[in-house]
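Some structures to go through are shown next.
Each of the two complexes below includes subunit A, the first together with subunit B, the second together with subunit C.
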Partner chain A sequence: MSAALSQEALRALADGWIKSGRKVIGPVEAQPGRIVFKPLGSGAALYLGAWAPTVNSIKEAVLPRHEKLYSYRIHKDGIQLMDEPEAAGETIVIAAHPCQAAALPVLDKVFNWDLADEFYNRRRAALSVVTLACSSYDDHCFCTSVGLGPASEKGSDAMLYETGGEFVARTFTAKGRALFGDAAEEAPPQHDGPPVRFRAARAREFARKEFDSPFWREHSLACLGCGVCAYVCPACHCFDIVDERRGDEGFRARNWDACQFPMFTLHASGHNPRQRQGDRQRQRIYHKFGVYPEKFGEILCTGCGACARNCPAGLGVLPMVTEIPDAEPLQA
Partner chain B sequence: MQNLYKPDLMTVTKVRQHTPDVKSVSLSFQDAARAGAFHFRVGQFGIFSAFGSGESTFNICSSSNWSDRIEFCFRKVGRVTEDLWSMEEGDTIGFRGPYGNGYPVEQWRGKDLIFLGGGIAMPPIRCAIWYALENRGDYGDITIVYGARSVRDLVFVDELEEWAKHPRVRVIQCVDPGGETPEWTGEIGFVPTVFERANVPAQNAVALVIGPPIMIKNTIPVLERTGVRMSSVYTSLENRMKCGVGKCGRCNAGPVYVCKEGPVFTFEELRALPMDY
Partner chain C sequence: MSRANGFEPKILAYVCNWCTYLGADLAGTARLEYPPNVRILRLPCTGRIDANLVVKAFEMGADAVLVSGCHPGDCHYTAGNYHARRRWMFFRALLETIGFDPRRLHFTWISAAEGKKFQQVITEITEQARALGPYRPYEAKPCVERPRPLATPPPAEDFAAAGQELRQTAARLLNEGTVKVVIGHGERGPVFVTRAEDAGNLVWNANCLSNLAVYLKRKEVRELGTPAVVVKGCDERALLMLEKESQLEREGVHVIGMACGGMGRAKCAACDTPRPRFADETIGGERAPRDGDRYAALEPILAMSAEERLSYWTAQFDRCVKCYACRQACPMCYCERCLADKNRPQAIATSAHRMGNFAWHISRAMHLAGRCVGCDECARACPAGIDLRLLNLAVARVAEREFGYRAGMDRDAEPPVGAFAAADKEDFIG
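The block that comes next holds the complex of A and B.
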């Protein structure tokens, strides 16, 4: 597909995908100025206005906030376990910013080291991601500080570039070609990304070496421990496993969890290795910039800025990390 | 689909009550093929569950040589353990595992073994003691120092007495001052001091030390004075877990996933980790 797509043509394409029985998730203006990823009822719902960040992330397509792992029935003489039916079929994410897609190859690592998590994998295999290159950014964006940019292809099967109100599509994978055909366009001129705001390597070094520094406490005083940073993050993937039972039937499910909650690490004995909110904020930074890169070779942060944008107390990765001594980018 | 989170169903074959709030449970696999194929290393753990309440993480406290059953031991402290407490013979419990690294019992061959435990930490030591006794020729002298707050908080007391009858096995039981009864014949004092008083030669020993943080903290200097290397002193961490398979992000202690790279660490390894456990 070499011709540029008008907005109408793009919506019609999404309608075609929906009519073919696929689930299409895209940005929707839920309230004025509040853009959220949602399953689209039709292409008309797709938000294609001026550049705007989304509130939530596309990780819900691979790691739902609530997912049944299996069900059970309690009989007099034992327990019967029942597998959940196969998850929804093919899913397409459309018009997500590249920082959303970039988290997927990062998440693939943790869900597949040693043992494979098939709940994640089957959703991931059925997912195609069509990103929309960023035409702008806001003060919270920092993709360029974590090795990404406004048109990073990481995790995208295809990417749309907006030029003069129309969209040019490029494809990177077989999944992308299945949606847009073979003819890949030259990359159109790209927009500038946000300036590099900090050195990720310094964040990693500081979190590792200054584990016990008062820095973490001092910079977490405002934290309410609400966990919204983790919920809106495209890369945060911690979960809880819980039972729900009604009468003789029940199921075990995993729900999103967050390292900002005191209960997250509370031992049965009452001991808690992370007693203070500062310990929990440190964990969030250390896991993203230290632990995960060491273990899996990838920063567990794509610079989307959703944590800070949504934090009721003005915290988040960027506000925290830029306070780290010597974190500012080196001047050329 | 291979479902990582779906447990094996196991039947409760025996329940023993050790203290007013501690029980141990024996389980056998309901699936015969699974029972035949199952094996584990002492020191590994499982995720045990009561259907309707949820899952909890416990050490498999039986020896890996016992092919007919696995056992775990728990204190009644929350929703899941309240439910497990009510289990009787014939009831069904869910089990996922074995998970984690376990004790390097092959590396321990030819060494004297020192087991130091406090309170509810006896079960993860018990599996190693039975294993060593069942492979007696592989190991030298065995010293067991086990303490609890009070006489009624000691668990596996009958087995402690049984172990003491074995040749080249020394068992010292102790309770915290004030925790003794008029009939108490064991020591009165804390594990570290009781162990130091016992003058156990440790030059050719490995030690397994499990207990509350304060016990471990006070035991390490005593062990250092005996000359045992910190690379030969082991413990088992207890970080809270949910998945057990390195996904849910909960059990990190600094850079390690305790569920995968632990729960067993030497103190040399622990010293390289931040205090995140």
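The block that comes next holds the complex of A and C.
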């Protein structure tokens, strides 16, 4: 399939995948100008209009906001544990921007570090990701500042490139070839992407050396302490484990959690090592640019800009990091 | 017929310890038979019955819920039943807006002497629930959502001159030492200006949507010293409420009011406070109030059938990710520890599953009954695009229609929740 695909052909392809029983997740225009990833009922729902960022991320395909781990029943003779039925089968993400896919190899590391997370791995193995190279960007985008770009192949099984209203597909993995067959060899010329807006190394250095700097508190005053940034982020992956019980039955589940909640680090004793919102904002930056790279060799941020785009108070990674005083200012 | 199918409704009765429980007891000792479908849960007083308990009952599979207490004037705690009756007015309107079946919700007064009435009520409720069939509100099919129209763009407004005056005012206040920090709007979001030379960071434009009153309660902000806060007429209503609820010393805050011709939000179409009324100084001249119907947005919802409404809200709440941006952006959500964050017992499931999401949004709307100032920050903050203002409007409408009360409008008006009148409506009480 080396010929370019028209929009109709691409939608028909998605329809075929849906008909074959696979779950297909793609961008949908839920409200005017509001593009969200959703499971598609048909290829017709797929948003293929002008470049637009999505509100949520594709991480929900591998780390749902609420996932049952197992259920239990208490008998008079003991407790019976029951595995949850296998998670949804084969899933295909289509037309996600490359910054979404790029988060998956980063997440793979933390979910297979000291323990192989079977729930994550099961969903991950069943997931194929077809990205759509970016043809534009907005003021919040900064993929080029974290070593990625508008056509980064990282995490993609296949990538679509839009040229003159048609889509050329390239494949990078066996999963991608299974979807597109023998696709085009060469990528069409690509967009340059957003300018480099900050140096990631500087963010890391500052977070480490200036851990106690008043900078963090001063720049976090507007933070409301909600979880929007973490929940729309393709790379944030913290979760909480909860039990829900009704009578003698119940289940254990993991739910998304966010470092901006005061409860996130609250100890049973009442002590909270991250007392202020500034401490929590610092944590978010330091984890993404310091802790994670040191441990796993990857920045825990793909520059999608969703945090700042959706923050009700105008904060986010880019607004915070670009405020960091830079020893060597970037050339304008 | 239902009996033949094996369906036996489950009725949960929340009854007060002093009247209805004794009424039930009397029914028992008098050997009055009533259906065994009812499960009685005794509480000290109907005044103690939180809306969340009723929601919980439906979560646990109740087909109908009864709340029953002492007749007016008989409350063991003087007025608990009056409070319950008042709260019930808001709760019913909220549940109806969401699409819960009102035929599943019952409220009665049964005294300790009314064993016979207890028998009758339980028999009737059981028969009705049996006829209605099993209740599965959490299994509603989410509706197919139609895109909503975008908000109208704001009218041309002379932001520039007012912005200039705002920056001068801020610089003056900081220079004079009247305040230590000016909480205002910046290019990207809220800014906290502590030095006169940084007053240039303040802007005034159509993106100044945040209700900055929310920051007055934050520890980090309070530590900066006496604040000045920039408010629009709508934001100012939150200041009034915070003061009313003893959360704010009005003298300790310098209020800079901004006359506003509308920011293009849905709420702006019916704004009757375009100019702050109690600010220490107000920038910008008179603006004409608008007389749109404040509750117009509710009409399409209320025109739906109960099933359609439930299906609409199911689609909305299914998108909720429990990020709590609605709560955090709300100037009236100032609890040190929210009910949703308490886990002994877990009143509201923390999971972002359907039941947890319904429970959360119902509880939040109830906690804002008679308190929500309609700033719509919850809806603006929501990353899932849930139109939360509709819930608040449903509750606010009861306050206005039944009690002539609008939160944050009149400093001295008695709030409708937490108060009662002996003559309160009780056409919904059996």
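Here is the rule we use: the second predicted complex is superposed on the first by the 325 of 332 C-alpha atoms of A that agree within 3 Å, B and C clash if a C-alpha of one lies under 4 Å from a C-alpha of the other, contacts with A are read in each partner's own complex, and residues count from 1 in each chain.
Everything that follows uses one rule, which is that a residue touches a chain if its C-beta (ideal position, glycine included) is under 8 Å from a C-beta of that chain, and two chains touch if they have at least 3 such contacts.
From a predicted model like this one, the values you see are computed outputs, not experimental measurements.
In the superposed pair of complexes, A:K109 makes contact with neither subunit B nor subunit C. By the touch criterion stated above, A:V242 is placed in contact with subunit B and with subunit C alike. When the two complexes are overlaid on their common chain A, residue A:P312 makes contact with subunit C while staying clear of subunit B. By the document's definition of touching, neither partner reaches A:R177: not subunit B, not subunit C.
In the superposition on chain A, A:S269 makes contact with subunit B only, while subunit C stays out of contact range.
Of the two partner chains, subunit B is the only one touched by A:D212; subunit C is not. In the superposed pair of complexes, A:K23 makes contact with neither subunit B nor subunit C. Of the two partner chains, neither subunit B nor subunit C is touched by A:H191. Shared interface residues of subunit A (contacting subunit B in one complex, subunit C in the other): 240, 242. Against subunit A, in their complex, subunit B makes its touches with residues 1-7, 9, 30, 49, 51-56, 75, 77-78, 81, 92, 94, 212-213, 238-240, 242-243, 245-250, 252-255, 257, 260, 274-277.
Contact residues on subunit A toward subunit B in their complex (touch as defined above): 69-70, 72, 74, 78-79, 81, 83, 86, 110-111, 113-119, 122, 208, 211-212, 237-243, 245, 250, 252, 254, 257, 259, 264-269, 271, 273-274, 283, 286-287, 290-291, 294-295. In the complex of the two chains, the subunit C residues touching subunit A come out as 60, 145, 147-150, 186, 188-192, 210, 214-215, 218-221, 224, 321-325, 327-329, 341, 346, 349-353, 356, 377, 380-381, 383, 385. Interface residues of subunit A facing subunit C in the complex, by the touch rule stated above, are 29-34, 36, 55-56, 65-66, 217, 220-222, 224-228, 230-232, 240, 242, 244, 246, 253, 255-256, 258, 261, 263, 276-278, 310-315, 319.
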